[in-house]
Amino acid sequence: MMPFAILGADLPYWTQSLLRVLGGAVAVLLPAGTIVYLFLFKMMSFMQSRLGPMEAGPYGSMQLFAEVGKWLQKEDISPTRADKRVFRLAPLVVLMSTFLLVAVVPFGPDAYFTDFDAGVFYMLAVSSISTLGILMAGWSSANKYSLLGGLRAAGQLIAYELPMVLSVIGVVIQAGTMNLQQIVVKQNSDSIFGWNGLGFPYILTQGVGFLIFMIAVQAELTQTPFDMPIAESELVSGYMTEYSGFRFLIFFIAEFATAGVFALIASVLFLGGWGVPFAWFDWAPVGGGEIDNWMNVGGPLIMFTKMMVLTGIIMWVRFSYPRFREDQLQRFAWKVLIPVSLINIMITAILKVAF
Amino acid sequence: MREPGPLWRRRLLWAVVPLREGVVTALRDALGDGLVDSLIKPDDDIWVRVSGDVWQQAGRVLRDTVGCDYFCFLSAIDWMPSPYGRGEDDPTQPAPERDTAIKQGYTGGNTRMQVFARVTNLQQHFGVTIKADVSDSAPTIDSWVSVYAGANWHERECHEMFGIEFNGHPDLRNMYLPTDFEGYPLRKDFPLLARMVKPWPGIVDVELLPGDSGDDPAVEGDA
Amino acid sequence: MTDVQKPDVQKPDVQKLSYIAAQAADARLNVELETEGMTLNIGPQHPATHGTLRIIVRLDGEQVIWAEPGAGYMHRGYEKLTEVRTFPQVTALVNRIDWLGSFANEVPFILAAEKLMAIEAPPRAQWIRTILFELSRIANVSLFLGDLGVQLGAITPVFMAFRDREYVLNLIESATGGRFHPNFDRIGGLKEDLPAGWIIETKQVMKKLRNFCDEIENLLFGNEIFQSRLRGIGVIPAEVAKQYGLSGANLRASGVDWDLRRDQSLPLAYDKVDFKVWTHPDGDSFARCWIRLQETREATKIVDQLLDGIPSGSVMAKVPRIIKVPEGEAWVSTENPLGEMGYYVVSKGDLGPFRVKIRSASFNNISIVPWVLRGVYVPDVISILASLYFILGDIDR
């Protein structure tokens, strides 16, 4: 399997690496920028009966660049009593987790960064690195609000890690693999009781898992109704209170990029990822090499569309719901989500054995 | 729609007068000589003055016997006329002679400062304004916090603004002013600095209306 | 200048007192579990205290052990300033007490002055006063309804509130000339009559405001998260509410059926309209918010009824150019947007008042905070404060 086979050239390793880095940057920044403009600037404004940014570019489309420029110009302030090294490192740790996360997402039959068998496992593992970054930010700021925010974030992210893992297990059982690429292929090449017009996206059987996964994603992203770590009316800005300029920008990018990446993963796990039902074109599963090369261009576009739909839902919920209280959130995770996802795993396992 | 206002109000008045007399009677029964004076104005309100040492007891009677369990406010009045008038003196001229006689308001009084409070009976729809003298040299009175919990902040405010001590108040620190602030701002002998720096120009700034002769507005106004 | 006699009493030391209280709170905790409390200053600059209220809370984890509000960052000394103003000038000051519903602040003071002078405004002035009073209630409480969402993390309702509040402010502006500080009430009546077409426009706006109330009810009050955040939180029993002198919606949410619009006779047009005084038996944060929502609706209905029957005639009684108020004392309070707002006016027959005691609603409403905040969580601190609804100018005066 040769990545970038579409280029028709056997590229040297360093060129491949460079292309991968560039591709990763695009895969992280492009969704983040689109989400911010489309949802944060425009959808939210229309929901709130206002226009949003209108001056920079047509319909304010260049607003994001203006904002980034503004943030980059600001002074990089760190509080006097902060643990400076940790304080400066924290946003980078959070952003790094996003980059690590995007590494396993397959965008097409050959368009992926890495392809390894424990993809799901890896994905769940690196997604919790951001917790570390948030804790670092909260602790090192030398601010009581930041500390409270950081601790809330830790409690919340750990609590919602579990339902997320458990909801994915159903998919893993059904697919019989932890390789994300093969999960995509399986979804598109399987058939529903012999009818293969739609492939077999796992949302049909794992609907409960999908719901739990999306709720857990909402919590992992600390979006309303689970935004207690930031909770601007209680904790000012939580762990981000003391950050400004460039470092705040990194937090900001990481927040929305992670939303995009989680939406990508959700679409891979539940919605068939980059693929179209293979039966439409009489393709065989990957490895036979019979999937057309155009899927390496079309696949990312399909993924992008699915991602926008899912982030749209995430943002929609974010803009219209009030937030939970910390104990209600924990109760919801431990008393509702985890039991339901355990039952889901049990039923999936039984059905897997039965069929 | 109901009957027009004045008639409706007058009907209310007849019901209220005997009730208000009942309030004063209840207070007199409970306090004896502690109730110094009372005033019932028809269609208006009810004022009672008690002596300072039964202040707290009067609060209890009002709450338990009269049924005024709603605490409205507590404050104080400094009855001394301000030595600075209304802050309109020209600082370059010697201060004019002013009447310095202390004249208390309704229900009279013997001291310069009076504590007054208002409590309301929510069932029978009336309120009582209760006053008490506090001594000039050492203005001290019992706290109402044990009677009406809400008096806490009002007494703190009263303490820092008038310098009145409330016995039994849990925490009489300043609310508004710095802890080491000197003086009591709402006492009449505390000068309002802004008016000291720039005196009020008086009422001359009344602008003329069309048709006014423009001689002396004050004379015209009194007519 | 006479000497100010300072009584020989030791001033309590703030630092020491809070230290003692913190230690006591810690001691209580340590019985169960070896933990160390943390003192958190919420405010003076904090997103949740729209204004500059400071709340010092002692926390165990996220649980409040002890809370103490520190007011006074916005004290402007109105009670002192009124003593060097004439009666008509005072309205310009008291406008700034509750700055979201300014006109409502003027009315009780003017009524107190009129009571001392034994004059009454002509009927038309009384009706317009009542209408503007209710409009300022709507302007005030609609912002509360939007802001409530922000305090709980829902950012959308506040924009709806601002959108619809703008219509009301435009009405107030077109009638009085001032969006926030009308300064429109005069002793003996009003400054001017209503502009042409105002009544029709007001009726349309009232319709919009009722829609806004429905919208908020659907968006916020029907939301499970909203309910679970507010129900059973910050319960104030009726007895305690009365002791602390809570007023307005906070009192009625504790089940006390007391509304000064209905329960006292003032020369305002409230006795000519039918309206319901809503009460709620629960006394929790949800009840307080719910009562305010119903009151906004009720206020639009009051305005509609008043607009239908507004009498003709002059809006100003005959009063002398230079107003001297006869000697006497008067207490007038009205049911303002925030609660009972009253003025105890003492006159010595002079151009200006001798002493004005301003009884503002928020001062009493916030004095219950130390009582009600014990044992709640930090997010509840915010929701309880939001539901008690204070305005800093109204606390500090």
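What to note about this one:
By letter and in written order, the chains are A, B and C; residue numbering begins at 1 in each of them.
We adopt the following convention: a residue touches a chain if its C-beta (ideal position, glycine included) is under 8 Å from a C-beta of that chain, and two chains touch if they have at least 3 such contacts.
Since we're looking at a predicted model, the values are computed, not measured.
Averaging Cα coordinates per chain and for the whole protein, the chain whose average falls nearest the overall one is C.
Greatest centre-to-centre distance from chain B is found for A, with centres as Cα means.
Just count the C-beta contacts per chain pair and the biggest one is B-C. We define each chain's centre as the mean of its Cα atoms; on that basis chain A and chain B are separated by 65 Å. Centre-to-centre spacing of chain A and chain C amounts to 45 Å, using the average Cα coordinate of each chain.
Each chain gets one centre point, the mean of its Cα atoms, and the points for chain B and chain C are 22 Å apart. Residue numbers of chain C whose C-beta contacts span two or more other chains: none are found.
Taken together, the chain C residues at the contact with chain B in this complex read 1-2, 4-7, 9, 11-14, 17, 70-72, 75, 77, 79-81, 83-84, 86, 115, 126, 239-240, 242-246, 256, 258, 263-265, 267, 269, 271-274, 305, 309, 320-324, 327-331, 333, 340, 342, 344, 346, 348, 350-352, 355, 357, 359, 363-364, 367-368, 371, 396.
The residues of chain B lying in touch with chain C in their complex are 1-5, 8-9, 12, 44-45, 47, 69-73, 75, 77-78, 81-83, 86-87, 103, 105-106, 116, 118, 122, 125, 127, 129, 137-140, 148-150, 152-154, 161, 163, 165, 171-177, 179-180, 182-192, 195, 200, 203, 206, 217-218, 220-223.
The residues of chain C lying in touch with chain A in their complex are 38, 40, 46-48, 62, 149-156, 159-160, 163, 219-220, 223, 225-226, 228-229, 377-382.
Across the complex, chain A meets chain C through its residues 44, 47-50, 144-145, 148, 152, 224-225, 227-228, 231-236, 319-328.
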